Each structure stands twice: as structure tokens, then as C-alpha cells.
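What follows is subunit A paired twice: with subunit B in the first complex and subunit C in the second.
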Partner chain A sequence: MNRRLGKTNIKILVAVFVAIAIAVVAIVRLDTTGKKGSGLGKEFIYDVKDLAKIDPNLILYEETGAIGTGFKVARGIAVGFDGHVYVAGDKSIRVVFGSHWLPDDIKLADMPMCLTVTGDGKIYVGFKDHVEIYDGQGKRLATWQSLGDDAVLTSIAVSKNDVFVADAGNRIVVHYDTAGKLINRIGARDKDKNIPGFVVPSPYFDLAVARDGLLRVTNPGNHRIEAYTFEGDLEFSWGQFSAGVKGFCGCCNPVNFAILQDESFVTCEKGLVRIKIYDPAGVFVGAVAGPEQLVQEGTSRICETAAECQTGSFDVAVDTRGRIFVLDTIKNVVRIFTRIKEE
Partner chain B sequence: MAENKNGINRRHFLRDGLWAACLTGLGGTAGFLSKKTNAQNTVWQIDPEICVACGNCATYCVQEESAVKCVHAYAVCGYCRICFGFFGPEPHDINEGAENQLCPTGAIKRTFVEDPYYQYTIDEPLCMGCGKCVKGCNTFGNGSLFLQVRHDRCLNCNECSIAAACPSGAFKRVPADKPYLLKRVDRA
Partner chain C sequence: MIRFAYIIIGTAVLLLWFPQSGGPSGIASVPTVGERFPPPDFESGYELPSPTTPAPRQSVYEYVDTVVLFAALALSSYLVLRTRSRRAILALCVFSLFYFGFWRKGCVCPIGAIQNIALSIFDRDYAVPIAVMLFFLLPLVFTLFFGRTFCAAVCPLGAIQDLVVLRPVSVPEWLESGLRLFAYVYLAAAVMFAATGSAFIICRYDPFISFFHLSGSLNMLILGACFLFVGIFIGRPYCRFVCPYGVILRQLSRISKWQVAITPDECIKCRLCEDSCPFGAIRAPTADWPAYDYNKSKKRLAFLILLLPVLVLSCGWIGSRLRPVTSRVHATVRLADQIYLEETGQAEETTDASAAFRATGKEIKVLYAEVEDIQAGFGLGGWLSGGFVGLVIALKLIGLSCRRRRTDYEADRAGCLACGRCFEYCPKEHAKLKEAKQAIGES
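Here is the complex of A and B:
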């Protein structure tokens, strides 16, 4: 009788022990902190790491320098004919020569959105809704009329007697003379003139005047760069959507561009931040840098939070030596890229 | 019974002790009720500016179908033809074919508005809150798609299991009379 009772007790003890062991294992394995991930299948994971890779043979430039802007928010970059680099941000303009910032900032009343520098040293600054002109010493020379509450000026270009302003808010290019008199508006949708209209989903809308005398304007929603006469006729366009390196990726790219001395284009894309070179006809030539070159904390630059993603649209400028200046608006540094000499 | 030198005898001690216990109990009850009232006045919500759309919202909710769903801030949306919240990173074609879509459950509907604009709407019963579209929209677009705790579904647990598993600390308590943290146009 006692032996049977003893056997029963042992069985109960073993069962209790096993139950406790299972409970302990279950508690230990239970992930309440999320460290083991969501447990979702591969189809639920958003992965663009492969797209971030650019064939090293296509990379034609190397980073040869970087200068911190000292800005909390940097918005635009331009290179003057004197070789000075001008950076706009935090209600001021800073000027760098060589590798040093000039001591005196140009103070502005409001946050600048874009800028350009003319051959005679005048600085045209685009604010949200209007343009101001400064001399090299920071003296304000002119303030132009507001383009209204909806205006969001994102780029400005000057060509001898003409000034062009990209208004992302109204999705139009405004053409002025150098005295600030409005001449015409370029790029409004017009079926008769075969103008598709600008598609600008986010406030990135760039323009420049090329040496061929035509205005080049991004049409990011259509993944193109379009060429217009100063009168507003669309001459031609190039560019296409593609996740591959030869095209423009994402909903709306390119966001910024600059024109090199040989009339080829330097384009910058947001999302997967890619800086690339296209020849004057729009044929892909190679890359300056991609997410793997613009690394952030050791990994390819692919943004995570909304705030980070929305600030990751880099402005670009070029100098007469063919160097490319990239305004990294996340780290707030000017990155300098120089063409790798062909052996 | 001899009087204590300090004037404290057993009766006084018991009386004072009873008073102290009553006051402590009263305080505790008030504190408990206050905490409970406070908890009832707040609800869980995701801060879309901090959320990294990791996918944990889809699987860590105590409910079988997560209380977290994708929502769309139309004022922030660019109505893009090629929306990367809707299309996969390398779509075969730019149309609504299932093979081109990013959402594994097909929870986003694409509707033509006018050339070249399209509207994107969330089919909530199909959305499981994985945040895949949020990542695509954040990375390439304006970030108009984002995750929110839907309060018609949320049990408002005291200890939210998704909040515990949130790697970016995006889950927070917000006033119940302002239960959503919506995206603003000026931040887009």
C-alpha cells in the first residue's frame, strides 16, 4: 500500500516538475519586448537593400572632402564663379572658400529655400513666396513681390537678363527680368502646346539654364527633366521611371540637378539617395554616389522615420573644375566629390 | 491599569492605530481611483513621426486581428501615379495587377482621379497593420500613409503588449478626447 502511494507521489512530482519546466521554457521563450521581430513572413518585409547597391564599375567619383555647415537646417547650395561655395539655411547664408567658412554670415529675415549666385557676385535668394537679392557683403539690394500664400519657391536660376523661379506650390516656373518684372509663367498644362504640366508631389522642384540657351526643369512626378525656351515652349524631355540605376526611382525624382561644364547633368534622387551623371541628351553615364557611398552609421543610407525620409533630399552644385558639391541635409555637411582619373 | 509615563496606553495605541489604518486605506483607495480615472482618460496611440513601421504591430496585439491599422492623410498625399506605398519597389507594370502591388493582403485600393493623379484608400478589414506600405511611402513619398491604433478595436489594455514590443518607443498614452496623432501638411 505504502509502496503504491510512494509510486503515485513520485508520478505526481514528475508531472508537476514537467509542468513547471514547460512553463519556465514558455516564459523564457515568450518575447514580450519585440527583440525577436514581428515573426511576419518575407512577403511582409520591405526590403530595398539590393536596390541600394550600385555596381562599383559605374561609380565615377570619389568623396574627397566634407565640410560641416553648422546649420540645424540647410536648404540649398550654390557655387559662385569665384569658386566660393554658398550654403543657405537657418536664416542665413554661409560662404566657404577652400575648406574654411568665411567669418561673416549673411543674415536673412526668414528661412531661405534656395539660392543662386551670378557672375557679378549678386546672390539671389528664394524664400517661401518671394525673391530677395543681396550683394557679396550681405547688403540687401532688392525684395520682389510675393507670389502668394500657396507659393513654395524651391529653385532659382539667373541667365543674363532673365530670372527663373521654380514654384513647387503652384507647380509653375515664374519668369522675371532682373529688375523683378514678371515676364511669363512656364510649364502650365497646355494640350495644344503639348505641355503635360509639372507634377510636383513634394516640395522638390529644380531648374537651371543650360549653355544651349534652354531652361531645364525637373518634372519629378513624370520622372523627367524637360527643356523649355524662355518663351515657354517645351522643346524636348528625357528621363524615365526605373528602380534600376539608369532610371529615376520612387514616386517623384529627380529632386535636384546641376549642369557640369561639359553640359552633362548631375541628378539627385530622394528615397534611395542616388547622385548620377547623364550626358546632355539624357543618357546615363555613371554614378557619383549611392546609398552605400553616402553611408550613415556604417550602413547604406535608407531612411527609417518619416522625419528622416523627408529631409533626405540633397541639393547639388558644381564648380568649374568639375567637382560636385552635395549638400547632405541630414548630417548637414557639404560633401565634395571629384572624378576618379581614368587610368 | 497603570498609566504609561508617556501617556500612551494600549487603548490609545489601538485607537490611534485604527485611525492611521483608516487614513492609509482612504488614501490608497483615493490613489487607486485617481490612477484608474487617469488611465480611463488616456488611450494608446502611435506617434507617426517616431514609428519605424517594424511590423510588430501586426503580431504583438493581444487580439487576433491587430487594433493597429494603416491610415491615410489625404492632405499630405501627392496622389502620385507611381505610389511606392502601393507599388512594390520594382513593379512589373504600372497598373493594379496583384503582382505589382506592395501590400501582401491587397488592402490598398488605387483609383484614377484625373491624369496623372490617383487616389489611394485603405480597405481596413484587409489591413493587418504590418506597415509595409508605410515604409514604402515614407522612403519614397510624402509619408502620408502611417499606422494608428484604431479605438473602435483597441481594448486599451493597461500594459499594451505592442507598446512593450515597440522598438522605437512610438507608442504613447494620449488624451482620450484627442485619441489620434494625425500627420500635418506643414510637416510633410
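Here is the complex of A and C:
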């Protein structure tokens, strides 16, 4: 079982020295800081540049105009029934008619987060934690109660006597009447009602009321748009994850959407910035524009850092003529897209 | 032959175990989780497997492990000091290799626990789990009473090396003593890097962890293979020349209450055990010291005692001056270096770390201020660790000038790994066994 100590000979010495030399090389070449990367082949590189290219045959719109907002930070866009385009940012609201800004801005006390315009010309403005109502001349008509420090209001929609506010901070939709009285909260996780709850990893959480009388709300973490009754029952949802053009990619998309006259949806995605059209059932119809058209002409620009991916969300609004107004928050311009071909 | 039988049996058990359980940690059910964020749909035709999350190891197992460690230490001490059975020690060695090595995947181990303890001393926010604390302390306590019985048959790193000692050769004492210095330097460095929150280098450079995990980087597998290859000729090279925990055990073993003895009786100086230890831990009887040498050594000793503070301070100074190099082990310092290169245009491309830092919006001067604090910590750490190494060098030199008188063949109290190989070389051991057999036969 045991062996007595033998004598060292030259062969053993050489073998031991060679082994020690190999061990030293192995230690020296050991990548302890990850500087040499994962060592995986090219096929494992996370490269989405190809996905930034959208088949030209799928692009149904062309950019027909752009108007600079003059804002340092632009937050939201809405189109009134009168055809005016309202843009919120830098503690004010600017209104554009045709291709010119109206001279008088509506001054606000704080940075607006979102806005919507009703048929009677009232402007509902969402701030971080509360809603204010203005008339067309910029006179403040009402200030609603704060929803608390955790609230981050990101979208607002009005339907006759109902006002819906998307609170990304609390991951809930708050339902008011037009007088600001709280009616109910919609979308809280409820197993009995089969409501999964909203997954909102970043402050992008949009909603709108469709012509069918149902409220549509994005559930960006689940890559879906969900339809709720005003009472808070989940009726159906559509949308699926895909890095391909037909789905929603990234951690949390779509970030914003608008509803066209034919009840189709115009969706906005961040990260891999894409604006696309879906029919009322959620079937992909085509694209308005992709990263190559939207972010940087000629080349695509895709978010590379977490901060970039969490910001740079474009907002979208539509008018009765079917034009799509995209608030480009990188260049701070309103870009107008007009349909050029049928699907 | 018996050793090979143990290896074959152990390997067979391992092979039989893995296909059934998906590895030792797969004993608990493996639940699948829903896809929080679905994976990207690449168009390569590759079918993504369903994501699974291994069940967290139940905390009760930490205490089971501690109990097993205690039992193994107690059994090892009993086998080494009472039973004196090399075969039984080897059997326990194989068990420890499979339990603490392959089953528990070599973690937590007392060797790496040094770093947890060091970090907890210097970082108030870091708490050491009780199990880790016990893993660190239990072998120390047993060593204080019974010598290095942990190294004998409980340490999985020792066990894996013990099984490959096939053709041991002797290492000259001067070389052994010199190489052993590396373990002290390694201990000092490990404590400094752990205390500064930079890295757990003992775990990072554990040569056998890739074997225990049955996976790892190629470099670590090569390193482990090299250690095992060298271990064929030079018994337990990691334990003798690298192991930082061994450094602590050596010192405690010097003062242990009981200690392994080569002979169960009086040494008859037959010299049969002389070449039996593959770890060079048997000390021969010494002759009287010639008067001339004695006087010369006395002067040398006086000089070395005076040299001690000089060595401590100079090594401490060198350690502190190495601060720019040693502090680069800290991720924040490396990040600051990268940011500096980017800011001065010396680096064209950003790294993931620098891009992530810039995304936080944190000011660069705040980062540089943090780095200054970290480097100040490394300055102090350099003084302490360098001073420690200087002290060790000085004490080693002083030790060379001190002559210990030995009349018998003895196991070196510090260096003996209590493996029990020397037992069967002692004729007194055979006589005692014979007597015992006769007594059993008569009864």
C-alpha cells in the first residue's frame, strides 16, 4: 500500500518542472476579470442590428413632414378634434396647427408627463402624481387630488364621463369621473378575475379608449395590449414577444400606442425603436417606420446601455385623416407619417 | 491495490449516482419557472430548452454538513491516535473526497472560509454564516487537541492529492522550507484581498474546484491536473507549499495536546520509517552540536533577532509600495483606470463596466475619490501583509539558527499530515498488532 521515498532522477525533475511551467501559464492566462469575454463563438453574440432592418415591403407609411418642438424635453403628444397637435414638455404645452406653432404656450407649474384633449377642447394634463384640467386658452379649470408619492402618471384618456389615468408607479389604472371623483382602480392582480396584473419595469404605460367601448391598456412587461371594461373586467388581450417585426421585443414593449379611425392600433416600441400597425384583433398589418428611419438616417441606432434602453421612448397620436404624429423624444420633433400604400 | 480498489469503488458510486440525480444537488425536486421575459427568437432552428432553476440548497444541509465535518474530524482523530490504521484513514479520506469534494462541490471549505472571516472583521456589513464559522473553527479546535487530523482524512483537497501519491520522491529540506514560504505569502495576500473586498483568491485559484464541480475553465482544469501530476512524485504539493489554512494548522499543531507518533512504543532507531513519509515530515535524531558551530550560531541568532524588525518593516514597506499593482484586483480600481483611459483618449472603446458606470450618471471624480479610499486600504493592507511575510522570513531564519535535540525518530509536529503511512514501517507497531491478535485468539 505504501511506498518508500524514491530518489529523484532527471526524468522526474523534467516532468515536474514542465508541469509547474504549464500550471504557471494556466494561472497567468486565466481571465479573472472577464476581459477576454465569454469565449463563445460569433453565433452567440447578441447582435440585433439585422432586426433593425425592416423589409421595405412592410413599410406602409412615409414621412411627410417634421416640426421641431423647441422643447429640451418633450413628454407627450395628443391630437385634438380640431386637428391641432398638442405637445407637452418643459413645463408647458405647445399647440401646432398646420405646420406652425401657435404663439402662446400654455404655461404649467411643473413638468407634464402626459396629456389628452377632449372634444370640447379641454386639455387633461397628467403630472407625476396628479391631473390638472385646462381650457384651450390655458386657464386652469381643476386640479385633482394627488395619488401619492409613488405615483408616476404616464397616460390619460377621456371617454364622455370617464377619465382613465395610467399610473406606472403603482402599476394600476385609476378610473375617475370628469369631476375628479375616484370610481375604481383597474388591472390589479386578481386570480379570481383572471387578471395577471401589469408588469411595468420602466415608466412607460399607455392607455386609450377604443370605439368598441373597451379600455385598452399596455402591459409592457408581458408584451401585450389588454382590453378592460370600465368596471375593470379583463375581456381579452393580444400581442406576443418576438424580436421579429410581428411581435414586441425587449424587456417591455409596446410603450405607447394610438387607435386609428378604423380601430387599428399604432404601436411604439423603445430600444429597437419601431412603429407598427396592428388590426383590431392584434394581427400585424405593417410598419410605419423602423429604427433605420426613426432613429438615425442610414444607420440604425439601438440602445446599448440600460439608461438608453429605459429612455428614448417615442409617443404617438393620430388624426382623423389617418396621419400618424410621432413625438421623437431624441430629436424633439414631431414627425408626420402618411400612408402610402395599402397592406 | 487497496487504494485502487477504493478509487474504483468510489468512482463507480459517483457514476451510478449522477445519472439518477442529475448531480448531488439535484436531490431536491427541480421546479420549472414561467418565462418572465421570453428569450429572443433567433432563427437558427435551435430549440431553446425550458428554463429551470435549481432549488436552493436547504439551510438544514448546512448544519448536516457541519455535523458530518465534526463526525469526520472525530473519527479521523480516533483513527490516527487510537486505532492507528492507515487503511481506515484512507477509507475516511475517500469518503471525505466524495462528500466534501464531489457531493458538496468543495464549498464551503475551511480553507476558503479564511476569507469570509477576514472580510467580516474588516467589513461591518458582512456577516459570516454560522456554518461557515463552524467550518473554519472546528478543524482548528481539533488541531489544537489532536494535531492535523483534518489534513489527514477530512480535507477534500488533501484527499484528492493523497490518492495520487504513487511514486514519491524526497524534497531537500532547504527547498521544502523555501517553497513553504509561498503559503505564507498566499495567506497574507488572501486575507488582504478579502479584507479589502477585492476578491476571494483562494476560491478563484482553487486547483481542484473544477474537478469537484465537474466543470470549469480549461485553465483551472489544467492547473488541477498539473497539481495532481506533480503530486504523483511530490506528495500533496498544494497542502505543503500553497495551502493558507495549512499555515494556521501548522502553528496550532505545534502546540497540540496529543500528536501522532510513528511508534506506539519506544523508538528503537531501526531507521525503517526513515523514508516512509512522502511529505518529508519525519525528523531523524540529532547529534550533539559541535562547540564551534554552537558559538557561531549564537552570534548569528543575535544578529537575526536584531534583523527581525528590519525585515518586518522593509517587507511591510514593499507591500505598501505594491499598492498600485495589488489594488488593481479591486473591480472599482480597474473601472477607474478604464474611465481614465477613456477620458484621456487612450482607450477608444468602452467596456461593459465603463458603459454601465456612465449610465448611472455618477460623477467621475466621485469614482476617483472611492479609488483613493480603496488604495489607502491597500496601503495599510500592504504594510500588514508585507510585515507578516517579513516576520515569517525572519522567524524562519531564526529557526535555522536554533538546534533542537532529538533522540528518536519523530513526526514533525507542524509538518506531519497524520496520514498514518509510517505506522506499518515500525516493527514495534507490528509487534503490538501481533500481541493484540494473540490476545484476541486466546480470548
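Throughout what follows, the second predicted complex is superposed on the first by the 282 of 343 C-alpha atoms of A that agree within 3 Å, B and C clash if a C-alpha of one lies under 4 Å from a C-alpha of the other, contacts with A are read in each partner's own complex, and residues count from 1 in each chain.
Going forward, a residue touches a chain if its C-beta (ideal position, glycine included) is under 8 Å from a C-beta of that chain, and two chains touch if they have at least 3 such contacts.
None of these values were measured; they are calculated from a predicted model.
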First, second, both or neither for A:103, with subunit B first and subunit C second: neither
Partner chain in contact with A:40 - subunit B first, subunit C second, else both or neither: first
Touched partner set for A:251, first subunit B, second subunit C, both or neither: both
Which of subunit B and subunit C A:19 touches, first, second, both or neither: second
Partner chain in contact with A:270 - subunit B first, subunit C second, else both or neither: first
Which of subunit B and subunit C A:202 touches, first, second, both or neither: first
Partner chain in contact with A:7 - subunit B first, subunit C second, else both or neither: second
Subunit B and subunit C footprints on subunit A, overlapping residues: 31-33, 43, 46, 48, 221, 223, 241, 243, 249, 251, 304-307
Subunit C-facing residues of subunit A, complex: 1-8, 12, 15-16, 19-20, 22-23, 26-27, 29-33, 35, 43, 46, 48, 221, 223, 241-244, 247, 249, 251, 304-308
Touch list for subunit A against partner subunit B, complex: 31-34, 37-41, 43-46, 48, 51, 196, 199, 201-202, 221-223, 241, 243, 249-252, 270-272, 302-307, 309-310
Touch list for subunit B against partner subunit A, complex: 48-56, 58-60, 77-84, 89-90, 94, 102, 104, 116, 130, 132, 135-136, 138-143, 146, 161, 164-168, 183, 187-188
Partner subunit A, residues of subunit C touching it in the complex: 1-3, 36-38, 40-42, 44, 86-87, 90, 165-170, 199, 204-205, 207, 217, 219-220, 222-223, 226-227, 229-230, 233-234, 275-278, 331, 334, 351, 355-356, 358-361, 421, 424-425
